[in-house]
Structures are given as structure tokens and as C-alpha cells.
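Every chain is named by a letter (A, B, C, D, E and F) in the order it is written, and numbering of its residues begins at 1.
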């Protein structure tokens, strides 16, 4: 058994984890690293505030430590990348955050990235993070759809809002690539891309793709 | 009894808290807000890693909630400003971080600020934070003295290292103002300033000064 | 008698100086530095152009030199911070500018600051200054209310305009903190904050709070 | 037959192409996209000047057009990313540049990236590119080893120079991650990483990993 | 015969070259360098895509080499500055690009420059270039008029569109100076400036003015 | 008589003005605008401090107003560009600053500009200005030669210092173009360029070249 890419959804929602699992399925290969997606039992149902972000770090690190020996890489699957740098310090494995990888991947697809956030309160948190990443010169805007976790289950409405926000990002803010500012939304990606007319990055896919590449490159070539 | 400025040292070291208390004493006034400095029993003896930073957030927030009713403002007294934004979301009071206020105050004293860190591992963490603050155009460098907590008790050596690093920041990196990248070091400030020849900001003092000003301005004028 | 914080309003308007005096009154304490606000007789009635800004520097420096011996700190109370760096070179005291301190204080209250200017011609001047400060990554926008000095005396209209501009800064430019781009407007601060729903910084208060803190920290602790 | 990732080395050196082929071998999988590395017959033996960079674009685009139908993605395998944006306009496939992907991947591994260039004349070209990418706030330095193509065949000397430059990037410029500023050098990566003590990104591997991920994600999941 | 300023229009349109020639005529003087404007026979009728930009570099360099001996300076007269850096490497003469000089000249006329592009697809190309120039902090926006080459011949409509876009750049994006993002449009400059009410830079004029100055300064003074 | 380019040296040194006059002589042409260089009687012998800079603005504006009617453009010939923006507001003519034009011209000659200052105290003033110009991403360093006005008359020593500082800017800070941070030093330009091996911009020449171009372009073409 080779090393595994562990995708840790730091909230406790099995539904979100199942969505992530489905989203990254195409990255699995017969001879490549296993990709295991898991929820964090100690996490809240959804991560909506800075307090939620900070609160999941300790249990997430504990979980990662348990997985360390069989891990080839970790992916932190929440768009605030909670505990990313703590886990990088702690682990001997490479650690990928979905916000970081989602934005970096977007930089290969357009000159100005826009972000579709869920809640208005996420926006300043994202801005601080993009500032820390040093990518503000490529930033168009970050706008929320303004739906709570419960309301997201009305899929039609959620998609409508994403399309509306996506179009505003494109037309009023000059975004030519979008990043979905949340995990577990991959099912909307194709429709959103078609409706808005610019590439859309699903950040979990972006991060797991980079993680799988890393694990493969750390192994002896089989071909 | 008016509102209090609570200065929370998120490590468990009473010595550091006592130093902070002494450093901010001149900011107390007979008719102004009380300034109470306290340690976090749940914190580690010193905050040295990102994991330490993230680990103190939950207990610090809990402590702040207890103090909320009597608080006029909070000061997070660790140079990584742990939990700053979570506490801002959570509290109805204004919250000041010593790294943020230390750097911002430095911007009034020189064109390029240098930071004296304790450990090399703190440097990238500080850089991420300065990036999030959007102040990299004013940044000279952040260099560590490379002493562990235990070694800091040898005060002569600690000061010598600070002076050496301070001179490098000034002479090789163009810093014309320095920020002490740690709480509890105020006793070295004057000697450091004299030896290096540029202003030195003690970040706890910078933050508490702003907090006291805020609390006073939120009260009806007595004069 | 201890050292005094001199707040120099570099225009000749006694009304503005009186407003500043009232705004900073809560920062006075029985055992703290005296705070003296004064107008500059040689200044114009209002500082509206770059020429006004540059024209007050020489008389302001002359006035500051007279006050130097009894000064603990100077505050330049015009949002263009005229002569700030000249006075810093000239004086042995610390010098605070209200634009600089207002913006820096705003950085502790939101991720993107908006500025409410008086006249359209002030905007490029402010932009140059924020560029020199290196804070453009945190800048939302700077919009004028477009009223001349005379028209500001119609307080209802002035406040209405500020609220309108404040809302535009928040809703269209993403500002989550506002700075009043003028001295002598503190009386509108609370109403503006309530109407727009984001924190509003009155820059004279911000600067004097930092100045008082500095003077206290330069004295032997009395408590 | 599924779509192929075409890795176009825009110089005519079969040796470099063979090195690239070996470097990306671990990214091949039984059930994944084919990865085909090829030289550009019309290219110069090595790409050393801006004129070389610009000169290969037209033939490279012609080559890519021929491959378009069987392509899943293109990788431009020269650290100046010649023709990257022209190919993006021209092709219906996604196009990855090794400089872009190498630098972006480095941003997940350290806070300040350093680049090891081959020739001094490459440095300003790289700087313009990093400016266009908007990543200068994360940039430490870009330093050349100063060896011509012929001299690179002396492998011991080449590695020694890379290590020397890598150490300077780390010790004097604060780089905590390095990017190899050239294709075809993957064989030095491990030794370089060990000698300098910071992660080293081989840019062809970084780009092909992202390309493979993209192609997989564009296909129906097989698992 | 003294050295000549060669203004190379890298498209094949004689009409555009004639317009350029007329625009720069006032820069000719009896005792100054000759200014010769020429089209590139191998170029496309108009340069509209990145592929067009990259495609003209090789023939343009060839043309410049032929002119080298009699040249005092070269001006690349297309707003994408194709081959600018290659020609700088290749030639012993100084080389000016109209986009570079147009934007830099705009920086002397306003605090935030807006660009009027012809086609939407030019915008991300311009943004990459402004990023490479490091001037994004001064950038307001770059908006297209959305007319193809053929449609530009309807002069009334072209001017109307430019005025409309210019007003949007000024009113919604805060531009206080405009740059025409295309060569051969000088005839619209005065009307545009009058209609929008901010200075408008014609980039060919800006570049040739700098080129003439350079050539004069490289000669012995005659006065 | 056509309009004149007035080059105002805002210090009172006739020697400096004579040097400027000689430096810009090649920009005069039989059929072009007159170029008149003049000293400011009210200015200090040399402009060395921020106080000097601010102090010359009022008399310089007064002088410019006198010249307005016959002026085609103004050049402010001191590397701190005193009163640049006030004069722009005040005058109907275009106004050029030598620091602004010197730096902008340098951006056409290299990717990272270094500045040779006279005194250490000028450096933070220059940095603030480059920040206001938004060009810090292109900035290498600004280093002083550390000679007072009197000492500059020892020409051999002055040149030696400039060469030494120029080499440090190139070798340690990565500057590939230099700007002379002072007016009246044009006689050293060629020797400095030869000794350091990178282009050197004399800022008065840069500004007057742009001013002459502007005046010519504002006149009807004579050829």
C-alpha cells in the first residue's frame, strides 16, 4: 500500500465530504495514491466564522497526526485553509490548502480572479488571506451569495445566486476566472462556467490534483 | 467602575505578564480606564510555533467572553496576534493586537520597518501577517535573534543579540524604525534604541496606548 | 507642568479648532499631558488645495518651534498632514499627522478603508499620500461630498452627503471602515457610523490618542 | 485513446527533452492521460535571450496546432513560457507554462521564493514575468549560476554553482523555497534540496502535475 | 546626416502609418533627428491578438537590424510593444515602446490612468504588461470600445465609443488621465480630451518625444 | 516668440543652474521652444532637508506665476520635486518634475532602478515619493554618497563616491539602471555609466526632454 492523500473536510458534514469525494474521484488512478476524504467529527456542521475556522485547528491537527504514517500528503478542504501552516510545521508530509491551490490554479486561467463566497462575513477573512498570499494585484473582487448552510440545500436557488454573483464579478469587476469560495460545490461548476462564460475553479479539485502530483513525484517512477 | 482594558498574554508565563504590566503602567491614569494584564493558564510557557499560536485561540476566546461585560477593550499580547479576528467577530468591544499596533505605530516613525524576531521559524509567520496587513512596501526585513525561551533569561546576551540584529536591519536592510517582535521585552527598549540609533517600538505599549485612547473616546468627556 | 500635546490646526478657523478641542476632550486626564489645540493665524480659512497645504508649512513650522520646549508631542490637524515630515526633521518631539493616524487606526477596524473627502480636488492628493504610506492594498476608495467650506455650515446637508458617500464606499467599493477626510467633523461621527453601519474613524481623535500614549510612555510611570 | 498531455520543449535539444521525459515519468499512470515530450526542431539548441524566446513562438504554435486534436493539455517547457498566452488564445485546450506553474507551486512551499537562473541576462526577463504574474511581494531574488549551455554538461560544476546560488538565495535574500529557472535539470533537484535545506521546485514536474490533474478532471470519473 | 528615429508600425496598414506620421510631425525640427515612420510589410493588417503580437516580432527585428546603422533610436508603434525587449537586447540603440511611454507619460498627468482599448481580448494582455511594468497601484481600468478594425473607419462612431468609455473610466473607475490603447488614433485626441475633461495621452507621440530627446542628448550640443 | 520651457532650479546656486543649462543645451533647436534655466533667489544654497523642500514652494510658485504667460511648460529642477502638484493645480501649463521624469525614464532602460542620493537624510524622502508614484516594485535601492554641498566641489572625490555607490546598487541590490538623485551633476553621467556598466539617467535631461516634446506637440506642426 502506497501513501494516501488525505482530504480533511474540517466540518462535520458527511454530505459535504461525500460531495468532495465525488469531485476528486477522477483524480484516482489504479496505480496512483489512494485518496481518502473524511469529515472532522469535532468540527461544526459548517465553517462560517473566523471563530469556526480557528476552532477546528486543534482537532484537525490531532486527526492529521493519527494519519501521518500512512499519509503521502494532506489537503485541508475548507476555503479558509484552517491550520494550514500549523500542519505544515507539524507534519513531515506536504500540506495543500484548497483556498491557496484554488486561487493559484485560477492564476493560470485568467488575469483577474473573482471569488464567490457564501456569506458576507467571509469576505474580509478571504481578503486577509489573499493579502498574505501576495496576490492582490490579480484580485478582482470577492462577493457573497448570502445564503446560509440550510438555504444551500435549495440547489436551484444556490446556483442562481452563484450565476448572478459570477456575472457581477465578470461584468463589473473585470474577473476573467472565478474560484468557488467553498468546498462541496463541485456539482455546480460546469453549469456556472457555462452561464458566466469564464473558467471556474473548484478548489478541492485544484488542491487534490496538486497533492496527487506531489505524491507521484515523490515515488520511484513505475513507467 | 468604568470599563477595563484587558491585556491578555496568551501564554502562561507570569513573568512575561509582569513585564507587560510594568511596560504599560505609564498608560494608567487616575481618571482613565483600568488596565489589567493577565496570563492564559491554558497557554504554553511561550508561543513559538504556528501550532502554539493556533492552540491558544479557543481558551483565549473563552477567557475574553468571561471578561466581556467589564471590558472596554481587549489587547492580545502576543506578536502573532492569535485569535485577533475571531475575537473581533465575537466581542462587542474593540480588540487590538500587539503585532498590528506595533507595526502601524512604527509606520509613523520611519519609512521602512524592521522586526526583531526571537526564532527563525517566526519569520515566515510574520511575513504572512504583514502581507495580510498590506504593508510589505514599507517592510525592510524580519530577522531572528535565535534564542530559545530559556536562553532569553540571560539578559546581557539577549540584549547583545537584539542590538546586533537591530544594526543589521538598519545597515543592510535600510530599516529606519524597529519593532520588537515579542511581548515582555520592554525593559530592553531604551538600550536598544540608544545602541542602534533608530526608534524602537515596544508593541504592547503601542497597542495599549491605542486601546486606552479608544476607551476614553467612547466615554462622555469629563473635562 | 509636564509636556503638552500641541494640536495645530493649520488653518485659521477658530470654529474648526473649537470642534477639534471638543473632539479630543475625552483624551485629557487629570494626571496626563495637557492637550492644547490652536489655529494658525497665517493659515487660510480652510485648506482646500495643494497650494494651501504647501503654503501653511513654513508658518506652521515656525509656530511649532516656538512651542518646542513645552511640547511632548505635536499633532498636525489637517487631513493632508502638511509639513509632517519637515516637522519630524526639525523637532526633537514626536509628530503625529491626522491623516496618517486616521488611516492606520482604520486598518485595525476593517480590511478595506474608504475615505470621505470634502472636495474632488483632494482625492488625487490623498491617493498620493496613501501611496507614500504604502497602504494601497487596503484602500477601497476616496470619494468627495463636494461641498465647499461655506456649505458645510448647513449641517443637515453635510451629514446627508457624508452618509450618502459612506454608503457608496461601503456598498460599491467594499469599504468596511471609513475615515473622515477632514478635521473638525467629529460631531458627525456617531450619526454617520449608525447610518452606514461600519466603524468611522475621526482622524484627530486617532492622532491625539496616539500622541497622548506616546507622551505618557516617555514619562516615569506614576502608578 | 484518451487525450494526451503534450510537453513541448521549444528548443531543439533532444537531451533536454529526454531529461524532461524522465522527470515527468512518475506522473504517468496506466489509466491516465498519455504524456508526450517533444523538441521543437525549429528551436535553437538553447533558449538564452529574449530574442530566442520570441523566435520560437511561431513554430511552437504551428506545432501545437498539429497536435490540437489529440491534446488534452499543453505544457510549454521553457522557463520563459514562450507563447503561453498566444497558445491559450489559439487552442481549445488548457495550456500550462513551467515558469508560471513552478512559481505558483513554490508559493505553497515557502513564503519567499528564490529562482536559480542560468544566465545573468535571464534575470530581468524573469522579473518582468513575475511582475506580470503579480507575485513580487513573495519574491526573494533571482540569481544566475552564470554557465553557458556547453558548460552545463560539466555536471559537478553545474551542481556546485546551483548549491552556491541556492545558499545565497536562502541566507542573504531570505528565500525559503527555490525554483529551478530552467527545464531539464530535474536530476539535480534532490541533491540541491539536501544541500541548501529548503524545498526545490522543478518547474516541468510542477506544470505537468497540474496538466495531468486538469485532463483527469475533464474526463468522466472511472472510479 | 544624423541618426534617425525609426518608428516601426508592426502592422502592414499604410493608413495607420500615415496617421502616426502626422501625429509625430510636430516633433520634427530642422536641426534635430529625422523621424521616419514605416509599416511592416510582413505584419497583419491590424494587431488584435497575442498571436498577432508574437507573430510580428521576428520580421520586426529583421527590419530593425537593417536600419540599425542609420538609427538613433527605435520606436515600436503598437500598444502591445511587441518585441520591445528582444530589440533592446539586439540593438545598440535605445528602443521605446508606445505602451510603455504612453503609460509612463500618463503618470505625470494624473494619479490613476485609464486605458481605452479597441477589443475586449486586448485587456488581459494589457494588464499583464502593466503588471510587468509594476504600475498597478496607479491603474484605474482598461476598457474596450469593442470595434473591429473595419468598424473603426466609421470615425463618428469610433469617437463616440471612445468618449463613452473615457467617461466610464473617469466616473466609475476614478481615472484622471487616459491613454489611447492603440496607435494611429491621434486625430481623436483633442476631441476626446475636451469631451471627457481629463488629459489624454496619444502613446506614439509620447514615445517619439522621448526618443527625440534621447537622440539629441546623445549628440554634441549645437547651441 | 513661441512658448518657453522654464527650468526652475529652486535653490539659489547659480553654479547648479549653469550646470543644468549646459546639460539641457542639446535639447534646444532652432525652431523649437526656448529653454530658460533660472535659480530661485529666495531658495537656500542647496536643498538638503524636507524643510528646505517645503520652504521653497511658496517662492517657486510665485516665480512661476510671473512666468506663466510666456511659459509652454515648467520643469521643477530639484530631485524632491518641491511644489510639483501645487504648481500643476495653479498653472495652465504642463509641469514636469525631475525626480518623476528621471525615474519614469529609468523604467524604460532597466527592470530595477537604483538611485544615487547625496545625503542619507534624503533617502526616506525619496522612498515616500517613489511610494506615491507607485513604482516600488521596480525599485532596487536608494543609497547616499554622503557628501555635503561643499564637499561636492571636490569633483574627483564626488565621482569616486558615485561610482562606488553605483556599483553597490548594481551588484548588491540588482539595479540595472541608475538615476542621479540630484540636479546639476550631468557632467558625471558618462563617466559613471562607463564605470558601473549600466545606463544612468540624468533627471534634468529626462524632464526637459519630455517638456520640449509636450510643447512641440501643443503647437501646429511646422514640417
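The definition used in the following text is that a residue touches a chain if its C-beta (ideal position, glycine included) is under 8 Å from a C-beta of that chain, and two chains touch if they have at least 3 such contacts.
Just so it is clear, the structure is predicted and the values come from calculations on it, not from any experiment.
Path length between chain B and chain C in the touching-chain graph (shortest route): 1.
The chains that touch both chain C and chain F are B, E.
When each chain is reduced to the average of its Cα atoms, D sits farthest from chain C. Centroid distances built from C-alpha atoms place B farthest away from chain E. The interface formed by E-F recurs in B-C: of the pairs listed in B-C, A-B or C-F, only this one shares over half of its residue-numbered contact pairs with it.
For the pair chain A and chain C, the distance between mean C-alpha positions equals 42 Å. Chain D and chain E have centres, each the mean of its CA atoms, that are 33 Å apart.
Along chain E, residues 124, 128, 131, 133-134, 136-137 each make contact with two or more other chains. In terms of inter-chain touching, the protein chains here follow a pattern that is not a line, ring, star or complete graph. Contact between chains, as defined at the top, is found for A-B, A-C, A-D, A-E, B-C, B-D, B-F, C-E, C-F, D-E, D-F, E-F. Chain C contributes residues 22, 25-32, 94, 96-97, 100-101, 104-105, 107-109, 133-138, 205-206, 208-210, 212-214, 216-217, 219-223 to its touches with chain B in the complex.
Looking at the complex, you find that chain A touches chain B at residues 49-51, 53-55, 57-58, 61, 83, 85-86, 88-90, 121, 124-125, 128-129, 131-134, 136. Partner chain D is touched in their complex by these residues of chain F: 110-112, 137, 174, 176. Contacts from chain A toward chain C in the complex involve residues 123-124, 127-128, 131, 136, 141.
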